[in-house]
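Every chain is named by a letter (A, B, C and D) in the order it is written, and numbering of its residues begins at 1.
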C-alpha cells in the first residue's frame, strides 16, 4: 500500500504534525509506503513529489508551515487536469491520497472521489476555524494565542499615551479569531464580518473608556464592514489567498475614530505573523490526532471521508461536509461578548 | 440581589477571568452587587470578605492566581461550620454564591445546597482536567503549553549530550497533562497514573532511540507508578494539595534508566511553574465564558448546578456531577499515543 | 527631601522598572518622599501629579508602559512654561526631579538645569537605541526580541508558499532594531536608514535565495530609503512620535519586489506591538539599575547628569550628552552583517 | 585552508549560531573548507568528524544545542592524547581549529597552542557568565529570560496560597543567573554562591513580606550555601557537568523556612530547561558576532586568541585569559540588589 499526502491552500501551524503522525503510524503499524506531493494539487497534476518516510518527518512536529509546500492550484481549472492526476497517481503507484486543506482543496478531493473514484481521505485545515463540520481546526488556537499576546502588549502602550489602538486580525468571512482573541485580550470592541458595525457606537465606546482613564483596544477582523456601505474596502486589493491587504478596515477605522473623537488612534495589522511559526500545544495535539485518524481511515478503506473534532473525539464525516456550510459566529455568542464592550 | 464569589483548592490560570466575567455581567446587565469571600470556604466560615465590584476586577483577566485567595478549608470539618456559614451569608446579605473550585470545593457547595438549601452555582476548576462532567477545565491548556515549551527546550540539550531527559509533570490521578504535553512535545515515552509502567520496556525505548542518534525524552505524570510495587513513592511526601513533592517518580526513573542502560539521565520537575502566570488564550476564553454562564444560572435561579463545556457549548449540569467520577485517560487514547514511543 | 519623577516621549518597556527602583531605594535607604508628575513635562507645567510611594510601585516591574503617563509636551514652547514649572515645583515642594525620556525630554531637563538652576537627573530612554552616550537603552532588547520572534514565525510561512516576506520594524533614523533582529532572525536582507538601499541588489538576493529553494525574509527599518530619491515616503504621514505610518517603505518594497521579480511578496508592519508589553529580563535589569543609580545621583547632589551603561557598569555623564549625537549604525558593523544577505 | 570546529562542555543556546556564522563567512568570503569534529575534544582525539558546509548550517540559527555534539573529554587525560590529535588534524588536513567552550575546553586549546603549536582560536561559552575576559557569554541571556519568566509565573501562585516559593537556578560558583533573574523577576531574596546566606535573615524577610499580604519568592543559585557549615549539600551528588542535582539547596531552604516560620514553602528547580531551546535575540546576535570574529582571527593568523565582548565591541584576548580568573558577582553589585529584599 502506498499513500500519498498533499497540503493545499494557505499554510497553518500544525500541517507538519498531521503529516508526521500519518507517516509514523502508516509505516510503523500498517507497513505502508508514502509519497509526498509537492505544493498541493500541483504535485499530482505535474508529477512533482518529495520523499516521505520516517527520517523525512523527524523533528517537524514543532515546525510551522509544511514540508510539502502548498499552492492554490485547482486541477479542474487545468487542461486535462483529472487525467493528468490519474496518470501521476498510476506512475507513482499511489493507492490512496490524504489531502490536507480547506474548502477548496477538500472540494477537489470530494469531486475526484465522487466523480472519478480516486480514493481520498481529507484532513480539514482553516486558520479561520470556519468549517462547520468540525469543532476546531488546527492553526486557529495558535493564531488566537499570537493575537492575544499582541493585544496584551498593546494595552500598556495605549494607556501610557491615552490613545486608541486598533488591531486588525485575520478573518475574511468569519470572525472567530477576532472574537476569541478579543475576549481573551480584554478588547473594548470586537468587530466581525458577520455583523456590520456602527462607527458611532464604536466612538461612543471609545469615549466612555477614556472617561474612566483607560485606553480602548478595538479588535477588528479583516473582513468586518461598517453599516453604511462597503466604502472601506474599495481600495483594498486581495492577496492570492483571498486575504485583504494592508490599508484595509483597520487603517480606515483608526482614521475615522481619530476624526470623530479627536483622540489619537493607531492601527496594528498582525498579518502573516498569525499563521507562521511553531504551533501551540493544542494545535500540535489536534493535528497529531487528525493525522493518526486519517491513516486509520485509509486502512479501513473509508474513502470520501474527512476527520473532524467533536467535543474531545475525532470522528469521520463525509468529505462533502467540508464545503457544505461556512461556520460563522453565532449572533448569540457575539452578543454574549458585548458585555465587555465600551 | 447580592452575589458572593469564592475560589477554593489549588490555583489555576483563569480563576480571575471567571471572577471578572461574572462581576462584569452581573453588575452591568443584571444590576447585582457582589461580595468576595477570601480563601475559599474559609471566607464564609470566618466572615472574611474582600470588596468585589467593577474597579476590583479591572486588569485581572491576564493575571494568574486568584484575587480572592484560596485555601482547602472544609466547613464540614469545622465546628458548627454550616451554622457559621449561614450566619455570615446573612450578615453580608448574600442571596447566592458562586463557588469556583474542584471536587472538594464543589462537593461542599453541592452538600450546602442539597442539605441546607444554600443557593450555590458551581464553576469547575482542576488543572489536571480530571472532571468527567466537562470536556475541559481552564488552566489545563496553560499547563500543557508550559510543559510542551519545556519539552521543546529539553530536546536540544538532550541531543547535544546524548542523554536521557525525564520531565515530571503534574497529574496525581489522571495523566492528561502528561499525555497532551508528551504528544505535543514529541516525547519518546509518556507515563501516566492510569497504567503502571514497565521499566524494562522504557529502557528498551531509550536504547532504540539512541541507536538512531537521537536522545530520548520521557514525560512522566507525578502519579505514575512502576509495575512492580509502589516502591518509588515510599519516600515522597505529599504537599497540602496532594501533589507529590520532589524526589518523586521522575528522579527515581532517571536513576533507574541510568543504572540499567548506562546512559546519562537527568530529571526536570516542572512543579508550580505549570500552574502560575498568565493564562493561555483558550483558558481565558473558557474561563470568561464560564463566568458569564455562571451569573446567568444565578439570574435563572438555577441553583445546585455547575457550568460545563460540551464541544463548543457551555451547558449546566447538576453540581453533583462534579464529584461523580474522576475522568481518567481512556486506554484507547493512551494506546493511540504509543506509536510515538521508542 | 522630595523627589519628583516624570516620563516623557514614546513609551518603552522598562519605564515602570526605573520608577519602582528609584522609589524603593529613595524611600527605604534615603528616607525621601516622592511625587509623580503626570504625562511628561505636562505634569510640572500644569501641576498634575500622581501619588508615588512604595504601594504605588508594587507589582509594576513586569508591566510595560508607564504608570505616570507620557506626552511630548515641551515647556519651552508653552507660554511662561519655565515660570509655571518653577511655581509647580515650589507648590509641590520638589527638591529634585528625575526625568526619564529621550532626546527631547532630556534636552528640556538639561536646559532647565543649565539656564534656570532646576535640579534634574536624567534617565535615557529610546527604544531605537540611538543615544550615543550609553551602550544600550532599556526597551530596545524587548523590541528586538519581539521582532525576532515575528521573523522566526514568518520563515515557515514564507517557505510553505515560496514567497517573499518583508518585515517593517521601528527605526526612523537609526537601524539598530533592524540590524539586531535581522541578524538574530536570519534575514536575507537588512535595510537601514543609515545607508540607502539598491532595489536591484535586493531583487538579486531574492532571486538567489529562491534558487536554493528557500524563501527570503527582508527586514526593513521604517526610515530606510531607496537609492534613487525618497519617492517611497512621499505619501506617508508621520505619527505624533515621528514614526512612519502604515503604507510606508515595507509596503512599497513588497510591491516593487513583486513587480520586478514576479514572485509573490507580502509585508508585515510590526508597529506598536514592538514597544508594548512586559520587558525582557535584560531590560528589567537595565531599567532597575538605571533607577537605582539615578536616585544615587540625586543623593550625591550630582545634578545635570544622566545615567548611562558602559560595558556592564552604570556611570554618570552630563545631561547634554543625551542630545549630543545620534548613535547610528556603524558602516563596518553593517558590512559585517552583509555575509548573510542573499 | 581547512578549518575545523568543535564544541565542548555543557551546551548553551547560541552554539549553533557561532558555528553557522563562522562557516558562512569562512566559505563565502574567504573560500575556506570546514570540518566538524564531533563531541568536543573527543572528535579530534578519536577522529570522529561531521560534514560542515553551507547546507549543514542552514536553519540552525534558532536551534538550541549544538549540531556537533559535545562532551567533556580532555585529551591531556587520554593516553597519547596530543599525538592522536595531531595525527587526526593531519589526516583531515586541518589548518586551524576553532574551539567553542568554557574554561576546560579553552584551557586545552591554550595548552595545545602554547606547548604544541596547534593553531587554535577560541570562542568563550559559559551559561553561568563567569568568564572574566568577556562582558557576556551567549546562553546567559536566554537562561536569565527563562528563569525570569518562571519567577513571573510563580508570583501569582505564591500569592493565591500565601506560601513561600523557592526557585533554584543554575550557578555553582557564580551567582549571575540568580542575580539577574532575581532582580528582573522581583524576587524578595537572592542567594548566591559568593556570599553565604543567613537563614535567620531570610526568614525575617519572609515574615515581613507576608505582613503586607504578599508572598515571598526566594531565588537561590544551586551553589549557594548557608553561613553555618555546608551541611546542605552533603547529600547532593554532582552531575558530570559539575551541577548540583535535585534535593540540593532549594529543597533544603524550603524545608528550613517552613520549619522556622510555619509558612508553607515550595521549591521549583528549573534545571536543564534553562540551557535548552531557542536562544534569545541577544544571544543569537552575540553568538553570530563571535562566529564572524573567530573566523576573522583565523584569517589574520591570530592564533592563541579568543574573541570577547567589551561593551558593544567584539575584541580578541589571549586564550589564557579564558581560564585566568572566575568572574564572580561583585559584592557592591550584590549589595545594590539588597534594597529589594524582604
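Assume a residue touches a chain if its C-beta (ideal position, glycine included) is under 8 Å from a C-beta of that chain, and two chains touch if they have at least 3 such contacts.
It should be emphasised that the depicted structure is a prediction, and the values quoted were computed from it without experimental measurement.
J.: Compute the shortest path length in steps from chain B to chain C over the network of touching chains.
T.: 2
J.: Applying the touch definition from the top, give me the chains sitting in contact with each of chain C and chain D.
T.: In this structure, no chain contacts chain D and also chain C.
J.: Using the average of all C-alpha atoms in each chain as its centre, how far is it in Å between chain A and chain B?
T.: 30
J.: Measuring from the mean C-alpha position of chain A to the mean C-alpha position of chain C, what distance in angstrom results?
T.: 34
J.: Go ahead and note the Å separation of the Cα centroids belonging to chain A and chain D.
T.: Whole-Å distance between the two chain centres: 40.
J.: Residues of chain B that touch two or more other chains: which are they?
T.: 152, 278
J.: All pairs of touching chains?
T.: A-B, A-C, B-D, C-D
J.: Would you pull the chain B residues touching chain A in the complex into a rising list?
T.: Chain B residues touching chain A: 21, 24-25, 28-29, 58, 61-62, 135-136, 141, 144-145, 147-148, 152, 180-181, 183-186, 214, 278, 280-282, 284-285, 288-289, 292, 310-312, 336, 339-340.
J.: Which bits of chain A are touching chain C when the two form their complex?
T.: Listed in rising order, the residues are 7, 10-11, 13, 15, 63-66, 69-71, 146, 149-150, 152-162, 165, 239-240, 246-247, 251, 264, 266-273, 275-278.
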